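In the two complexes below, subunit A is the common chain; its partner is subunit B in one and subunit C in the other.
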Partner chain A sequence: MAGSLAGFLVLVLAVSICEAASILQPISDSHRSAALELFAPTDGSFGSLEETYEALRTFEILGIKKKPDITTGSCQSVSETLGLSSSTTEDLFNALKVNSILTCNVDEEIFQGVASRLKAVVNDASSLLDFYYSIGSLVLIKDQTSKVDALLGDADGIFRSIKALSQSDGRWRYSSNNPESSTYAAGLALEALAGVVSLASSDLDQSLIVTLKNDIVKLFDSIENYDDGSFYFDEKLVDAREHQGPLSTTSSVVQGLTAFASVTSGSINLPGDKILGLAKFFLGIGIPGNPKDFFNQVNSLAILESNRVSVPLILSLPATVLSWTKKDQLKVKVNTVLGSSAPPLTVKLVRAFISGSKDSSVIKGLKLKFDPENAVHFLDVLPKSVDVGSYQFVFEIVLDDSVDKKVYATGGQTQVPIFVTGVVKIDNVEIAIVDSDLGSIEAQKKLDLAGENSVSLSANHLQKLRLSFQLTTPLGSIFKPHQAFLKLRHETKVEHIFVVGNSGKQFEIILDFLGLVEKFFYLSGRYDIQFTVGDAVMENSFLQDVGYVELDLPEAPEKAPRPPLQPVDPYSRYGPKAEITHIFRAPEKRPPKELSLAFLGLTLLPFIGFLIGLLRIGVNLKSFPTSALPATFAVLFHLGIAAVLLLYVLFWLKLDLFTTLKALGFLGVFLMFVGHRILSHLASTSSKLKSA
Partner chain B sequence: MTCLGACTFFVLILLSEVVYMAIVGSFPFNAFLSGVLSCTGTAVLAVCLRIQVNKENKEFKDLPPERAFADFVLCNLVLHLVIMNFLG
Partner chain C sequence: MKAPSFLSVLVLLLVGVAHALSSSGSRLLVVTDDPTQKGKYSKFWADLEGRGFSITFESPKSDPALTQHGELNYDHLLILPTKLKALGPALTPQLILDFMKKEGNVLLALSSGTTTPTTLTSLLLELDIHLPLERDGLVVDHFNFDAQSAADKHDVLLLPRPGPLRQGAKNYFGGDGLLAVPRAIGQTLGNASPLLAPILPAPPTAYSYNPSEESEALEDPFATGKQLSLATAFQSRNSARFSVLGSAEMLEDAWFGATVKLGDAGKTKTANQEFAKALTGWTFKELGVLKVGHLQHFLRKGSDSLSANGTEVADSELNPKIYRIKNEATYTIELSEYSVDHWIPFVPATSDSVQLEFSMLSPYHRLSLAPVRSTSNSTIYATSFILPDQHGIFNFRVNYKRPFLNNVDEKNTVTVRHFAHDEWPRSFAISGAWVWIVGIWATVVGWLGFCGLWLWSAPRDEKRIVKKRN
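This part shows the complex of A and B:
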């Protein structure tokens, strides 16, 4: 019984954990260990420079110290890629990105060569990807060495030619001859344009930047959202070749937006809740299973953490299940997306209400205290108005410093489901057998659910069984559990479950056996009683065998329904089947070998007699032709017969009928020919002899 | 004379096979049948040859003995082809 109770509690806990999973948590150590698993180099290097960059950047963002050492191999590959004149702009871009983290020892001359090549590409470029890779590479060169001139002379012109690919809804085309517009491309374009701004040798035309800011606002009009307040971008067009998922699309836009915001002065007019929504989207993914998604998530969060538009703050709860018995404190943490500490702020518990009834608040306007040591906002004691049950707590983050309000996005109010658990008192548990007509109590037992119970009752079909109890919460109010069941199980394992209802304070069930005889299939005998009371917020949920009742029911009439067949034990149904033993035909009894050999000799005996006879009488070879030609035919005739007999022996031993018949056909013709010749020769000689 | 002798030998072999079968049973039955029929068939063919080549038998006086022998050889070959096929 203890086992089943423990199992039930585990179930209750699991339910609570599932509920709590909807609350976002900032990046934590589980991300770090997942990163080390996802980005594991094979043979001392990652597949490509792009993957190397993604791994290195992820390790850098997450602050992983114990990363695999791939510096030597990667630097070699960077130098090779930069030195080759056949490298594409994408290769150069990836190599420079790796170099931005590893700072390999690359010659200034190589940078110079690459920079001039890239400038030529920028000036001739027509597709967005060419712009993106070459401008991105030039920005990286500018950051990595101060001696190489990476600045663009005609920045205005390049800006305009990239801008020419934009669409009216803020999205971008990949090239001028491709009419499809894409959100992912918009992100790339914004990043490229940010690069152009930072590479411009002279100040850009400000009107261009203003238009672009408007484009960004338009792009954010197409943002999509989930119910939980997370925002994301998705490609409208589902094209198999260039299709990007919501994660990479959103990541691309975030990169482009933040890159652009960091190189321009003045603010971009974007609502903070959208930025917070983007952060929620990235955090809501959890831990992605593939390196690319993982990088996109972590990189975007890192960018959001330090962006100039607004930095999202995430409110999280270490525990959403609070126990009355343990006097748990309500704790709230506020962090940035990567888990670093937030600026000075106050967390307010705006209100709390019971799940499902929004109108009745149990708490209103409470300020949480701050514990600077653990960076936790907490509530000492739960207010007396909070009883066991499930609640929705609404929090609000209020920044202390008004300057911070422009930098951080707190997203207004956050609603969090909270479970308050406690021990529910069970009183006056009584089980009784009552006479139907008189209403007099035949037998009554009080149950003490804290200990073992073994009630033994007996009843007939004219009596009733009554079970009653009361449930009260720690605060003294009536508690209505999710489950209150009474189960009767017959010896034949036929079970009947009854739901115990309540009228006011009292929970009661009366089983009138007269009305139940049919349902009980007229099965008399011993019924075990099992009593269950359970709820997610009830710490002392239980499932107890309380004893048995001996029922004496009338005989079943002819047409009474039969009790259902009990389900077959799943092991016997799905377990291994009995082994099949194959019966082969028993071999025939063979005679002893000696007997068979004896009879073989016996069959050979007449042949030996024949040979002896030949020796005795002598062979008559008078008719054997003497002249050469007929003698040859005679010999061939005998050889032919021997050959046919030999063929028959072969037929018996190994040949099949078709081969035999083919060979026999040839041999037969031969035998006919020589036989005819020798026999006609013999006939002619004998007729000559006769006539002579 | 030789034909009759041959006939006797075949009948003797046949008898020994039948005795063998009586002792150990008829398995494999097709082998037993082949042996018996081979003996019977050959004996019958030998008897036929003897009838045909007998000079005192006037019924076949126009038939040369060489022709009778050729028939005997051919029939034997055909008989034994069937026997071998039936033997398994």
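This part shows the complex of A and C:
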């Protein structure tokens, strides 16, 4: 339980903190190219003087030669800032910092004026930032010109007034009326106090310095750490307004501490592993993406590299993966944080054990040879006891010179995971169909995984499929890969994956189809067999299509589960659907036109016959009245009838019933009248005729 | 009355300008419990800010409120891995789902190194996305790993940028280059949910296992191969988007353009930055957002061209409420797609088409719409068809749902009536009726003629008849 927990922790760390502490690499070329990308001037300048300083300082530390040329522009703004009487102490501080790198041509008089202004500020200052900027500026003036007197008369007094802002836990307040204490402020205060010490015209009261050293030790009590041995400072009170992240807080403390250590004699009692832990913290960040963080990281590392408390040494490995086939050498490098060479030392391989098993050491107490040409400690050949696998190697740095032990922090033992990879031999690959009842082998095929394989097998649900193989390491012992899968894929793309288990010497999987029919959804047919063996330390992980097995499974019962939708299918639900066009009802069948015309002719025949008949019997209109009045009535009567007929035609074509009836009413009356007149006329003529 | 309306227009305009960059707002809340995390993703933040997002960082401990008085406080939510066991009362699964119900978008980044909080696993379960039971599975692939950084554990997968999900689906995540997926948690997706789609499926040789198990050989893999999804998209019915990225490390500065080495091939730069852009762009609705502009249907007269600009069809004749069966109708719809910061004409993927359904309960017609015109920021799709010979209440419906595109479901209800009594063909138009018509008129004319003759016809031989009588 404890072992697995420890292993888990190791893994979590390895994953979360950009590789565990032991695989940290010192600053390298990737930092340099990142720096050029991050600090790219826009329009020939970096914006503010602070940013200019950060860029210049980073380039200086990393030794970048091909830096953008901004000297003229920056120098101009430096002299402007220094010359202006309205510049704040912060501006002056930044301008002087830039000047410390560029060494522009600034008049002594200007320095003189600035120095006197700053001294006035120092004497009246009450807030920590005022002290920090003005004292910092004075220190810079002192460094840049020897002719200007930047020394402080009342150093003791100033020291005390800064010290008055300190808290009992080693942290500082920004000003006397601000009760909140801050770790970031502690760093600023230490740097300011270091400045006071270096500017003091006379020796300071030693008791002040002793108490301050105790404060520093107290401050280091509040240091926080990650489980991988890196240490950092963080603000306890998270004030949203002036919150400094752990990086800038730690950077501030490191600057303060080292500045103070460099101006005082005697040592500050700090454990070396904490300093090493701070270095690990800065290195653990990797390559920050913004210029401010980048500067903080690089600047702090540079300060740690040359500090007087203890210089951290970083043990790094060019490669933690060693190939057995390529006969890789185990190489270890020891550098300072910026990648420069370390003092003469010996690297010892204290012990090595297989990951996950704490007790059995594979190697014990080996000294690594030193190759001065490449500055690499190396082990010629891996001992015979190291086989393919993952190991934990424990290294220890032993400094050759005992004087160096006080200067450098090596951090005791360092545990590094080492992976030894190699080609694993695969033998005795057999695939067979076995009868369930008798255990007799029906069909057996040997596979040669180096070449192509296409096995074709067939089985029914009463049989079993057996696959067995053996893996051996280059040293001849049994190898157990992490991934050993057998995949069966049906024609319908339903896949089944089986993990091949191991039984001591060999790997074997037996698929009893009787028990698997339900899992196979009763799908008979061809199953392609794919075989995968893989492991992190195996150089020849392979994936091979072995062939296929033709399965004859029983019919599915009613309630059998249906094969699931394959991952591809669900996404086709949201696709274009088949087009639909409405099928219209077929119109009723109509007779062809010709037939209609034929019957039309037939219908007209009686009419025509009637007309012919009329002509034959010799009809005439001889009794049409000849006198004017009855003739008029007769004409009107016929016109009326024609009008009624026309009305019927209109009714048929467009008129509605009401209009028709109305019109018909009028026409009817008219017709009645004229009809009566004409009929009476006819009646009278016929009676006249009779009587005659 | 006029002043306030002018003011509101001004306010609307200003809001429009402020939200100009994503189609659904620019307020992004990033939930992370570790301020140092922020620095690791600086390029990612710079990318987002460059695209107009205003980012707010909150720790789950400070209980950031997603909504206030029923209104969203943020438009988008990004949750980075945290070491906390749960995300606190302000970020419960229910609240995050409510946030999505109000069309908030969520991007969830997981990491194999940190145990996923229970809040997030239960949220994912709601969406039918499953994480390994131990909540910190690790995806490894012994065939596609970065030989540069993960030669030891094979847990940095290198895979090409994903292709389209299937034929005819738009691909917003594809492109050139390799993606480095360090230390990912694989997800498996429920088969039943049509709202889910894998953005980045794992290669067939990958598998997920529990790294805290110490056994040498794998006994029970969580999932293998294509079952695993390294990044998953979920789009709810209201088109709120939710994506899960199995590897938050992918978004870190260190992996943006890092050099990697796949097998014996040379070193290449990763395309993680472009992928992150596509992923956030999709999730935060800069990509794959559809908008429906004018939507018109009208009676088609004669053989005029399919036009929807109203120049050939009078406004009064647009979108009538009623049609007759067998009318020929034209339907047009204007579709635009949002592309990062502006609307462009929408063009469906090849072998895909926008379809119109004319349906009463079930579709009577389902027709593919053809693009007829396109303006600078929209395409106009149209089709003409003859309404079915079935009267009733019908819908013109464009139900366009595709993976990675937001849902378009436009319904216009119209009545389709039967023929009026005077709309049938007249009898004389039907040749079969001619017989009857002629029969009638022949009778009428014959009868009238007979009557006339009977009235006025004088006997041919009057004297002879008279003589005979006598």
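Keep in mind that, in the parts below, the second predicted complex is superposed on the first by the 546 of 692 C-alpha atoms of A that agree within 3 Å, B and C clash if a C-alpha of one lies under 4 Å from a C-alpha of the other, contacts with A are read in each partner's own complex, and residues count from 1 in each chain.
Here is the rule we use: contacts are C-beta pairs under 8 Å (C-beta built on N, C-alpha and C of every residue); 3 or more make two chains touch, one makes a residue touch a chain.
These numbers come from a predicted model, not from an experiment.
Engineer: Of the two partner chains, subunit B (first) and subunit C (second), which one does A:210 touch, if any: first, second, both, or neither?
Structural biologist: Neither: A:210 stays clear of subunit B and subunit C.
Engineer: Quick check on the superposed pair: does A:607 touch subunit B, subunit C, both, or neither? Answer first, second, both or neither.
Structural biologist: In the superposition, A:607 touches subunit B and subunit C alike.
Engineer: Under the stated touch criterion, which partner chain does A:84 make contact with: subunit B (first), subunit C (second), both, or neither?
Structural biologist: Neither: A:84 stays clear of subunit B and subunit C.
Engineer: Based on the superposed arrangement, let me know which partner A:599 touches: subunit B (first), subunit C (second), both, or neither?
Structural biologist: both
Engineer: Pick one for A:246: touches subunit B only (first), subunit C only (second), both, or neither.
Structural biologist: A:246 sits against subunit C, while subunit B stays out of touch.
Engineer: So, A:514: does it touch subunit B (first), subunit C (second), both, or neither?
Structural biologist: Neither partner.
Engineer: For the three-chain arrangement built by superposition, which of subunit B and subunit C touches the greater number of subunit A residues?
Structural biologist: C
Engineer: Classify the contacts of A:543 with the two partner chains as first (subunit B alone), second (subunit C alone), both, or neither.
Structural biologist: A:543: touches subunit C, not subunit B.
Engineer: Look at A:622 in the shared chain and tell me whether it touches subunit B only, subunit C only, both, or neither; answer first, second, both or neither.
Structural biologist: Touch status of A:622: second partner only.
Engineer: Go through the superposed model and pick first if A:499 touches only subunit B, second if only subunit C, both, or neither.
Structural biologist: The answer is second: A:499 touches subunit C but not subunit B.
Engineer: Can you give me the overlap between the subunit B contact set and the subunit C contact set on subunit A?
Structural biologist: Touching subunit B and subunit C on subunit A: residues 590-591, 596, 599, 602-603, 606-607, 610, 641, 645, 682.
Engineer: Spell out the part of subunit B that touches subunit A in their complex, as residue ranges.
Structural biologist: 5-6, 8-10, 12-13, 16-17, 19-20, 23-25, 27-28, 64-67, 69-70, 73, 77, 80-81, 84-85, 87
Engineer: Which subunit A residues qualify as touching subunit C in the complex?
Structural biologist: 3-4, 7-8, 11-12, 14-16, 18, 243, 245-247, 285-290, 293, 319-321, 356, 390, 417, 419, 421, 480-485, 487, 495, 497, 499, 501-502, 532, 534-536, 538, 541, 543, 564-565, 567-568, 570-582, 584-585, 590-593, 596-597, 599-600, 602-604, 606-607, 610, 614, 617-624, 634, 638, 641, 645, 653, 678, 682
Engineer: How about subunit A: which of its residues touch subunit B in the complex?
Structural biologist: Residue list for subunit A touching subunit B: 588-591, 595-596, 599, 602-603, 605-607, 609-610, 613, 641, 644-645, 648-649, 651-652, 657, 660, 664, 668, 675-676, 679-680, 682-683, 686-687.
Engineer: Flag every residue of subunit C that touches subunit A in the complex, lowest number first.
Structural biologist: 35-36, 38-43, 46, 111-114, 140-143, 151-154, 165-166, 168-169, 183, 189, 191-194, 196-198, 205, 207, 209, 211-214, 216-221, 224-227, 253-254, 326, 351-353, 355, 357-358, 363-368, 385-386, 388-389, 401-403, 426, 430-432, 434-435, 438-439, 442-446, 448-450, 452-453, 455-458, 460
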